[in-house]
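Each remark here refers to the structure printed beneath this line.
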Amino acid sequence: MLMQLTLGGLSQGMIYALIALSLTVVYRSTTVVNFGHGDFVMAGAFLSYVLVVLAGVAFLPAAVLAMIAMFVLGVLFNRGLIRPVRGGPHIGLALMCIAAGYVLRGIARMVWGREVLPMPAVFDMQPIFLGNLVITGDAVFIIGTVLVLLLILFGLLAMTDLGKMIQAVYQSPRGARLIGLNVDRFNDFSWGIGAALGALGGILVAPVSLLHPDLGASFLIKGFAAMTLGGFGSLGGAVLGGVLLGLAEQYAGAYLDSALIEITAYVVIVAVLFIRPQGLFGRKAVVKV
Amino acid sequence: MKTFASLLAAFAVSASPLLAQDDAWETQGLTDDAITIGVMGPFSGNASSYSKALIGMMAYYDKVNAEGGVHGRQLVAVQEDTACDSAKGLAAAKKLISQDEVFMLQGNSCSGVAVALRPTIEEAGLPWIVAHAVSDSISDPLAANIFHGVPTGRANGRAMAQFVLSKPDTTNVAIIEHSNDWAHSYSNPARDYLEEQGVTPSLELTMERGQTDATAQVLKLRQEQPDFIIAALYEAETAIFLRDLKKYGMGDIPVMGTAGTDLENTLKRTGDFDTVKNYYVIHSYVDNLDGPLMQPWGDMIHEYYPEEELSTFSFVSIGSAEALVAALEAVGPELTRSKLMAALEEVRDFDTGILSDPITWTPEDHQGVKGSAVAGFVDGEPTVLKAWGQPY
Amino acid sequence: MSQTKMPSARQRRLRSWLFWAVPAVLLLLPLATNPYTQFIANGILISVLVTLGFTLVIGNLGQLAFANTAFFGIGAYASAILAAKLGVPWLLTIPLAGAFGALGGFLASSAALRGIRSYYLAIITLAFGELMRWAYLHAKPVTGGTDGMPMPRETLLGTSLSDDTLKFYIFLAVTVLLVKATLNLMRSRFGRAVMAVRENEVATASLAIPTARVILVTFMWSGFVVGCAGALFARHVGHVFPESFGMLHLIASFAMVLVGGLGSVLGAVLGAVLLTALPEYLRAFPGMEELFFGLIVAGVLVAMPMGLASLLRRVSPIFVERFYREAP
Amino acid sequence: MPEPLLKIRDLHVGYGKKPILRGATYDVLPGECLTLLGANGSGKSTSLNAVCGFVTPTSGSVLFDGTETAGLPPHKIFGHGIAQVSQARDLFPDLTVEDNLRLGAMRRGGKALSQTLAHVYDRFPRLAERRRQATRTLSGGEQQMVAIGRAMMSGPRLLLLDEPSGGLSPQFCEEIALIIDALKAEGVTLLMVEQNLNLAFRAADRFIVLRDGAVVDGGDVRAMAGDHDAIVRNIYL
């Protein structure tokens, strides 16, 4: 049972990791926490649905197209709505993100109406039985996709000049300006990547779950919990935090009470911030007074 | 200032028209050629898929209207959104009652909202036919003007448990549900019935809305190996739960679901017959959703709402609309609210041709539908069942 | 920063006269309403209190705390439990619910005082609110679980407390009292200390202002105001459900604070009135509310970041609140 | 007199509604090191930030080699060959010394990079030893070397130095003076803000005194040799 739970937790956790990572990418570049991110996740799922079911595109190209569209949306959102309020208080930025999420949800609600939509299964594969352990197609697909993506991303960041430049912008935006980087464009890029990665989270859960306009809300909190656990602003921490959260939910649900699955994320947030605010890998989350 | 305020309060109270049940009140919302009916439902918000129930009902009004109405009067639906939120629902009810001055109310999908509305509507005194929400406390204890036109939670929950126990040698029953009022309205009466029969659920699990994984729950079930599982889950989570159940090699355990799901859509959602072949649902209808007996009703909905996707909710409130029309017919042209309520209390064993159980309203009991059939796959075909292995 | 004229002595007199004139006129409102519009008016009074409490923390104190729906739920549940389980007359439960709300404020401020600020505070208070909602759902013996808690029937002065007109006078009295008290608090030295903490906490601490106590008291007062609003809400709907204290309502009060103007008492009142009444006009377009709220908030943020209050203060110095400064 | 490399004319800069520079006008000649003097708040650092585009002037003109740069974004101005070593140094703390240096040349790229890098390591052998270390582990002086090295990597024509001696030991000041000499020898023009008058006068060719955002004095450093008192009086009184 432990192994099975671990597998289930990993595949859930990979989704959380992806969402936490996408939140962190945006946070690191612009110090904005996207409180509307859940709806970006939903929009990704929605777009891939529209492409697959209504336009008849195959799942893979549909996923890529949806991510590209969300990338553009993220860039436009940063340029059009975040930049004008950047100088203001955090509250304005938080609200702007919530507002954007609301608009996305409103649009989904208008188009979707009252239907709850099923996405056709894509990773239809007979489960593999290893003794007591059952390995399912979607677990393999989700874990595999996210792992490959993470390898590419972290590889790019560590090995390439572009990655170094991104790190430079994250570590010191002023320094990045001093070496002639167009920081605004990097910020746009980060918003685009954040939106596209979040959308991928939505695309991956879409065939597993059903689609409805409120799909994103729960993922936002999971993303926050994963970020907090891993350490706010740490890219690697976000990934690890997501995986740990996925595992914690499964273990708590199986060994304690299945009613606890829903609040594991909240408990993690409260506990981490009170006990070890910097999370597992992050810098201090507290303000010194 | 306090005294001033209380003086004013007393003044304002006495000035407001007392809801004396006079002649004007009796025929409020009524003209020679129209009866206005307030239709409340979650037309927006995250429960808006339930408002399908009200679409079916309003399509039936349209059909009656197309056939000349009732004693020359058209049934005019005045829609108000509750968004499945109690404060918003109360505002909707008060608007319909005191501003739009409708003749009567029919509708409501969310039990929580309906429960919150009950005191207000009871006080207002106009007839209200609850056409979708299932909570028993909407119509029990009896309120003179509130009629329940669908099987209540108690009726459904008992029907679920009855069906579960009708399978021979069923002793080990597990329950999985959402922790919300909707799920409890099914699971609590089911639990009660099981206890009456000496069966204590061996495992009680929750799965929240929005969860995309049921591994933890399913593994617990795998250890317990129950004979039957009662699942009070919404559509999405039902599909996920069944899928995980099959994944982990327990596809042979029968699962009893609520009226919130149906076989056809669950099959569509999981995309795999093996996953749903042992799934049974409360099915309050006389036939499969796409069966010949339901076909005309589906056609009727599509005649007036061509875009509407049909689901199990689409038909649920048509039955009570039929009963309403029958009562209106019985009253005759001199319609009043009191006469309508009296006529509704005369409805006995009313066969709607759509609900599996008839509607009976008596002066002592306004919960009109006492039972429900169950649907499941028999030899690969969706079949309406009375009990395990017993076609309807 | 543009120089805002402070009101003259005459204008200040006019202002205090106006302050009492508005509720005095409102006393006559029930003559012009039907039960529906009266119900909406009552709901607006509750929104005013919720927005007021919210703006104190996020506007005046400048803390990104999202615990307000939690305070609201705590107040509503406290009132319902006290009234239904312990038979306390509802009127008495209002200050008690406020006290429980203040306790919630104390908890939230303990996070802020541990140095959890900005987005961290937002996230932890968000989690706090959702944990409370989970608790309402699962503490069935006390809270009624998913079935919620019905408020007991009660009469006052021979009138049923389900009467919306009677409720209106009680709500109005509570609202006027709390708005006045908040205004007085913010005009006092304490109010200046709150502003100072917002502008520069470190510098304020070095001026020997007990910043910790300022933060604590502001959070608790916010909790008290919103807790009282919760008690009113319990009576307003007559039945308390866990679902009434979700994120959706949080965001609505967010929009009210913002449209009115962060940190302005007058703005809180305006925002609450506007955004509680408007959706009722939009009833004809169900499902458009999210789109509508989203667009309004985004529009206000870009075009009028300091809200309606900043417009009004340009019209006349009467509307200038000494403790409310426009952001630099 | 040669044509100035940088011409600043009637420059006005403000933060919000608070004016900092009010009509500053001065030139920087090719190959020289000009130092800006003045009390706190007189507009020295703001001058540098306006030249490299970190703040946008409200009015006035910044002509670099005949091109108007006022109002251009920083990366465009950088592309024209203006680099700054800021007071806070603004290094990338988690990246290695070598990465920090290499990033300085990102806008140029190409083959010149390895040559320039070797050149910087020649000048700062200590950095070559620490090339794989994260810069946050370096001492203040070493970090200043990275900052200057990083700016040199772009091969700037005009280098802005903001308080190069800030927070460093006196010995290091001499080192900075040597670096400035070497840069001048390579033909780099320097515009410097420096509080340490000894260093300022040791390294600079000319000086300008700013007060309340305008130029009030200026001249040749050699002509003022030994008479620092007069300048100090001019700055602070």
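Read from first to last, the chains carry the letters A, B, C and D; within each, the first residue is number 1.
The criterion applied here is as follows: contacts are C-beta pairs under 8 Å (C-beta built on N, C-alpha and C of every residue); 3 or more make two chains touch, one makes a residue touch a chain.
All figures in this text were calculated on a predicted structure; none of them were measured in a lab.
Ranked by distance of CA centroids from chain A, the top chain is D.
Centrality by Cα centroid goes to chain A. Centre to centre, using the average C-alpha position, chain B and chain C are separated by 36 Å.
A straight line joining the Cα centres of chain C and chain D is 53 Å long.
Here the CA centre of chain A is 33 Å from the CA centre of chain C.
Across the assembly, chain B contributes residues 44, 48, 179 that each touch 2 or more other chains.
Under the contact definition stated at the top, the residues of chain A that touch 2 or more other chains are 109, 113, 217, 259, 262.
If you check the complex, the residues on chain C that touch chain B are 27-28, 30-31, 34-37, 39-40, 43, 137-138, 145-148, 150, 153, 157, 159, 162-163, 165-166, 169, 172-173, 233, 236-239, 241, 243-244, 248, 280, 283, 286-289. On the side of chain D, the complex with chain A involves touching residues 52, 54, 73-75, 78-79, 83-86, 88-95, 99, 102-104, 106-107, 150-151, 154. On chain A, the positions that touch chain D within their shared complex are 161, 164-165, 167-168, 171-172, 174-184.
Taken together, the chain B residues at the contact with chain C in this complex read 1-2, 4-6, 8-10, 12-13, 15-16, 43-45, 48, 80-81, 83-87, 90-92, 94-95, 97-99, 112, 115-116, 119-120, 123, 135, 137, 179-184. Of all residues in chain C, those touching chain A in their complex are 58, 62, 64, 111, 114-120, 122-124, 126-128, 130-131, 134, 138, 201-202, 205, 211, 247, 251, 254-255, 258, 262, 287-298, 301-302, 305, 327.
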